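Next come two complexes, and both contain chain A; in the first it sits with chain B, in the second with chain C.
For the complex of A and B:
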């Protein structure tokens, strides 16, 4: 038996449900989060005085009493930092300078030796405000004469794909004009027009925002933060402080849930400005749960006005949409959410005539940030209900209607991009089958009505065209591998998936791979952000390139050593093998120390260090007037959810029997982790569907606690969640993979609404689909 | 501020400490004893991230004063895996992928431990009920419930 035959080949870990590599640390409580880091007795604590008014002018500030309180080390205001910053539109300061624009806007920062003293000092700050009329409705915000939030919008620096309208509250207007909508209505058999509303909600990561900042004596800043986007934070702080990126170092340990709330800059900025005033002392800012609800990002509200027409054959001919995004006081990501909503406004449907206007509108509400789905759960709330209504009016089966109209690979989508191959139809068929679509099943009591609903969805990563990733793969003496990446583990399992990819390329077991943690902008390779469900695809491509670079170096070395052709060599089970000579070399003998040449002629090789980068090179811009272009996005992940539920007619309460969740992920690198994303996404989606909204009264939040803002608990979950993985490969994804982290919550709410409508005849147009709303609507139906 | 001398066991180790009257068990554990597995998610007894066992009962450490544990026995997630041996629940949470971001995990494990101690053979509804005080935003709870179920079966 030869050496090669004796080697039992391990299957590639790619495509296997490998256990999470961070699970042991997390199960034992050892995994460090930002709040767990130790800073010693030098640590100071920061608290923020926030605006109590949704809209007001700051007339005067008196911080003298606060500064005089024993234990207070510094008090900072807008005067400490006077540069505007923002990811796409530079529309805010870290501490307000002239006006406050939402309840919670930071006005003064207090640094003290304890959180308690800092809080006491905050109460001693005196601010005189001239209260202004607030803007609390994104549609009325556009009325002539509506109060303006940003009088100087014309002066703000802005990315070239964002189109603000100075003199109004419009932070961005994105347009689609495709075909001829006006003439298409005449050909329609059925035209449906409806208005849908989505409330402001909050991400609710269980870990609140924590940021610790320190200015060292050389003038450089270090920020330890619970962060999804350490590199973007570094960039934003550099803007706000008018520094170079290399003057700022961001260190980000494990993130205790992000969902978008920990991308961009929120609490971190205040910590940095406070640190500025106490060099040599780290300053810790921890948001309270109350602050978390409205001082960090929220998900923007939406008013969607939509009109859809279809011919007698059930083909959708035209769609006209207006989106009014309740962006809040500043935008950060909001302007790009409005853009993404515009270029995705048809949903995954083939519609020849489209008109869409998506307005990102400033309001005196909490700042709208990115949240799982980045605008897509919000727009699909309306899209997928109006499609249901069109199907009803056509008297067509809702699954059949969707199968007839959804996009296939090779067809042109709303922006004129030719779709890559997608498995959406397969998702629809499988999801429908999984819940016995078309079969009536009995409710659990005589008071309940049971029925089924379906919704499809699509989402592309919404990001600048040149968002990049990079990675290094370092071999250690024992042939284990240390992989450095700048993407963040926020619970989605990305570190495990990266380890699988490296192990797959290098032919080693997954447990030989370690990820360098924490992510540290000083040592970790650049990563744009951990958002947009882009890491498996983008960072994965960089990691694979880095591993392939290391692999090539190893094989070249062995080929020289054996005097063989590199084509005959392979890496398997931690060894270099030759299929030709049947030679075998364990990796640990060569990946750091190299290999000796024959006859004592010296050595070759050395420590193996692979590097890789990835940036999509093919994304093009969209025409300002028509929203048309060759390729607006890198790809769309598509999918479908089908729901079987019942409504208790005595209470309006919804009970979900089962939800099938089918997505085309291209390739599941780790199927169990994909399923875990689907289960988590469905429950988050159902929670937002049934319970969640941040209630405001004239701009003032009313329910900023877990008692008053309810999220789904363990007893609220569907009886059964059926994850279905569809794999139509992505041409430029690692092993064909594309992202799926955000997607499973996109179609959940409209699928539930459609099922509730089918069960009760009552359709809810404004989220959430609360029991109270269903009950009252049913009462109306009965009495009407 | 009045101080109290308290005597208690923490994860099997006997301790004697001085604490202020208004110090919560959560702050005491994290800031004075360095027990960082106990997480702070809301400080108002609503999220369950700081759940610990006090004399065998699960409590929110943010709602208990440190002075109250005098003479008592506290177990945190760190105390589940003594002597390098994982608790069966920790192993099933790893095996069933009951963990994502991991921030709620310590509290969930403690609530599950309390359940299995008082009811070694819970059904799925009883497991859900035992975890209802522990908010999780990542997992959708499904795999956590699977993990507790599996640990209960292993306990047979």
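For the complex of A and C:
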């Protein structure tokens, strides 16, 4: 037995900037993505005939010429699969049956021996349409005479917290009624009312959607897909095919960026239906870059009408908001985005009187899905600008105004939930200080005007109350650990963070931990979805529980072996140690083979297998009429961004000098990863702020390619991004952690808009803040 | 809305070993046969289905067609198949035609410029072609060849409309010739895209100025614009104004107004006509002021 040397103990890897465990694989190109998987000579390819019309009735279909093309193996239509599916509201078919509702809606699928032949055959399909008037504006969609997208809305199955209005285009209506807004206006010194618009944008992951589906001879389906939510996909496919979950297996290798677009079901569904007609043959469907822009998911557009009033002391007294979400043809996640927007409609402010109506509205646009922030970047675009205007009218400093009005732990928020402790004020102070708030700094040229802007934000994971996570921790002979989870590595570093947690609990180095990949619904434990910035917290809790289960088993074994009290034992540096007897046992072998009983009496222990699951039990429903309830969500992550920029008055171009990004993450399990999220969020936020929009003309996309859908490149991003980590622990987070994956892009666009306004006197109400808009608005100002 | 094909459609590929070889194969049908340089326009258009040639004749490997030659007496000759990066990193081009180097550096990305050629940029005849304004103000001439022989043409007479040039069926561009640049010249190419890198021009403005005792102002100027008319254009009236009046902020702004009035921009996904027109004014004035400053610093 060796002496215990406590001082050489490796520090816990939790809280350390451990290197990404997938870094080498990804940097060298070795990491397999869905399109890299090999399927041998049986592989076939699928292409899809898509609706050219935003809204039309299918009168007839003639696929005979397509089917007759040499190389074509099957042609499928809406007749092949006739059940509706949807995450919260079952409003779609995989292939259209009655109507088409957006340009890109799948009508026919062709399976062939090559992509080119499949595409040629697609172009031979004849579809006769009766073109219908499209709905292209979410406000006008509610006019009494507006065309209806879903005549049978009343028949659709729907989750109990979603409230569609049959006979209209409203897929969900969420209401907040708190205090008395009507009487509050009288007490206000300043009332500001504005309308804000957010365009439809797309996620533009570097890897477009790829799905390969196969129906095997036993009647079961396997789907290999670039997926953020293998278990949710399995569920949705089961709905659409009227099968049970266990008939479907989803295997999800690494994801080349998702940002929400690879949650839910889109291209994968078409692959599965095509596979149905060619048993034994895997069928591969890849979206082209152009299809990616409007055939999978987009971020919903938004029209926000907001009114805010404050008293002379600068306290916000009332807020009234209407949100009209441009949900597109089907809703998948959209109905829940509208709900999340409603229950977060005040932003992180203390406002006693609130009225909010959030409408998720069907339009003949691409399908709105989840995108990083799940409605929050969209609503904060308006919230954080109108707060700026209120501060201006009160002649108050904008930082001071926010510090005066933001929520603190213990105060009631918009839904009546008592806020857990949050570090938002600290975020505001630190972000402002980091960019020298209040100090005028010179622009880079006589033609430029420089100024600063600030915006705060909050976001809660938006999910069903009972979204769960689970994990297993298996010990190997060499004391390494294999951890199985169902959450997905989508570039956010979750596998690394999970490995850190396991290593932290088991007292082993991080590089002893391996994550089972790919995620496979047949072997991986259940995870609701990799969305909502929930993995560090939710899957983290499950992983910690699994690791603690394994730890307990090991300690019990050693306690019996040494005949000691378990209280005195610990796991450190890959060993079980006793602080009392100073006995030490390396974990190697004992975690699989157990330990011998004294006097050759046999063995005890055995392979160590820990398991854990987590589900928040405390989320309550909200009153239908008032949106009030005890606890609407699990928690809110809050933060603040402060921007220093200049505008070239000759062109309207914005040059961002620096953005400080401060978020209260509870506990940074891996600070470098948190900072990376803040940097990525700022880049994506700035890109959507300045450039991005999917332009449509009468429902038809006009810029579905990188030629005219511009995103920020490395030379467009801020010169300096200053990440600031604030840590006010979450009571039920692992080590106090809460999520931060989506948050850093939420306040970016309004912070930039506020800075542009401060620099030029021009305020842009509809995203993006393009150079053209700024320039032309400045011209208007100049000419009076 | 027709989407681009998932893959490039099939075509026959011909590796031309000489200009003569290429010309013989080319025949007269550009619907069926196209010449291929970098392919950075051609392949995009083939995938989009806007053209559907079944045969491509690759000019890249023709000996001599990618050479870049500088002669102290006659100027620069660029082979039509020289890539933009090859031109931009040529020491003689850098020393004598930095304006062209700057203009090429605004095209797409470094990776793309490893393939894209100036020849392709001109023959594709996009109104937004970034090499065109600089080549116009530098007084470039083109050599066109067909089975019947060779002819020369000023670049100014080459563009006929969007995608249309003076090339006749069966003819190819072999050389771009730039005369010696005027002594003491300074130039500026300003390109405005939506984002900083990789975008097509909303407006491109090239200005070249040089001292000349003869005109009133003591300088001569040449101004050319991209992306604001059916073809890249010169702005002769503005050039003249700047020569016949004393150079001042007012005369520069007047010249920029002339450019703005001459522009006939369209509205598209990239920008509105209104913004483009305004940008012609702003960028022309900006480029002229920069060039004036450089000229004054030199004097």
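Note that the second predicted complex is superposed on the first by the 780 of 784 C-alpha atoms of A that agree within 3 Å, B and C clash if a C-alpha of one lies under 4 Å from a C-alpha of the other, contacts with A are read in each partner's own complex, and residues count from 1 in each chain.
Operating definition for what follows: contacts are C-beta pairs under 8 Å (C-beta built on N, C-alpha and C of every residue); 3 or more make two chains touch, one makes a residue touch a chain.
Worth saying up front: this structure is predicted, and the values here are computed from it rather than measured.
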Partner chain in contact with A:702 - chain B first, chain C second, else both or neither: second
Contacts of A:255 with chain B and chain C, given as first, second, both or neither: first
Partner chain in contact with A:28 - chain B first, chain C second, else both or neither: first
Touching partner for A:439 - first (chain B), second (chain C), both, neither: neither
Touched partner set for A:690, first chain B, second chain C, both or neither: second
Greater chain A contact set [chain C / chain B]: B
First (chain B), second (chain C), both or neither touched by A:779: second
Partner chain(s) touched by A:52 [first = chain B, second = chain C, both, neither]: second
Touched partner set for A:770, first chain B, second chain C, both or neither: second
Which superposed partner A:715 touches (first chain B, second chain C, both, neither): both
Residues of chain A that lie at the interface with chain B and also at the interface with chain C: 288, 705, 707, 711-715
Of all residues in chain A, those that touch chain B in their complex: 19-20, 22-33, 35-36, 38, 203-208, 254-259, 288-289, 490-493, 672-673, 676, 679-684, 705-707, 711-715, 717, 721
Chain A contact footprint on chain B (complex, rising order): 34, 36-44, 46-47, 49, 76-78, 80-81, 86, 90-91, 93-95, 97, 99-106, 109, 127-129, 131-145
Residues of chain A touching chain C in the complex: 47, 50, 52, 103, 115-116, 119, 286, 288, 290-291, 650-651, 653, 690-691, 695, 700-705, 707-708, 710-716, 770-772, 775-776, 779
Complex contact set, residues of chain C against chain A: 1, 3-7, 9-10, 192-200, 269-272, 274-275, 278-279, 282-283, 286
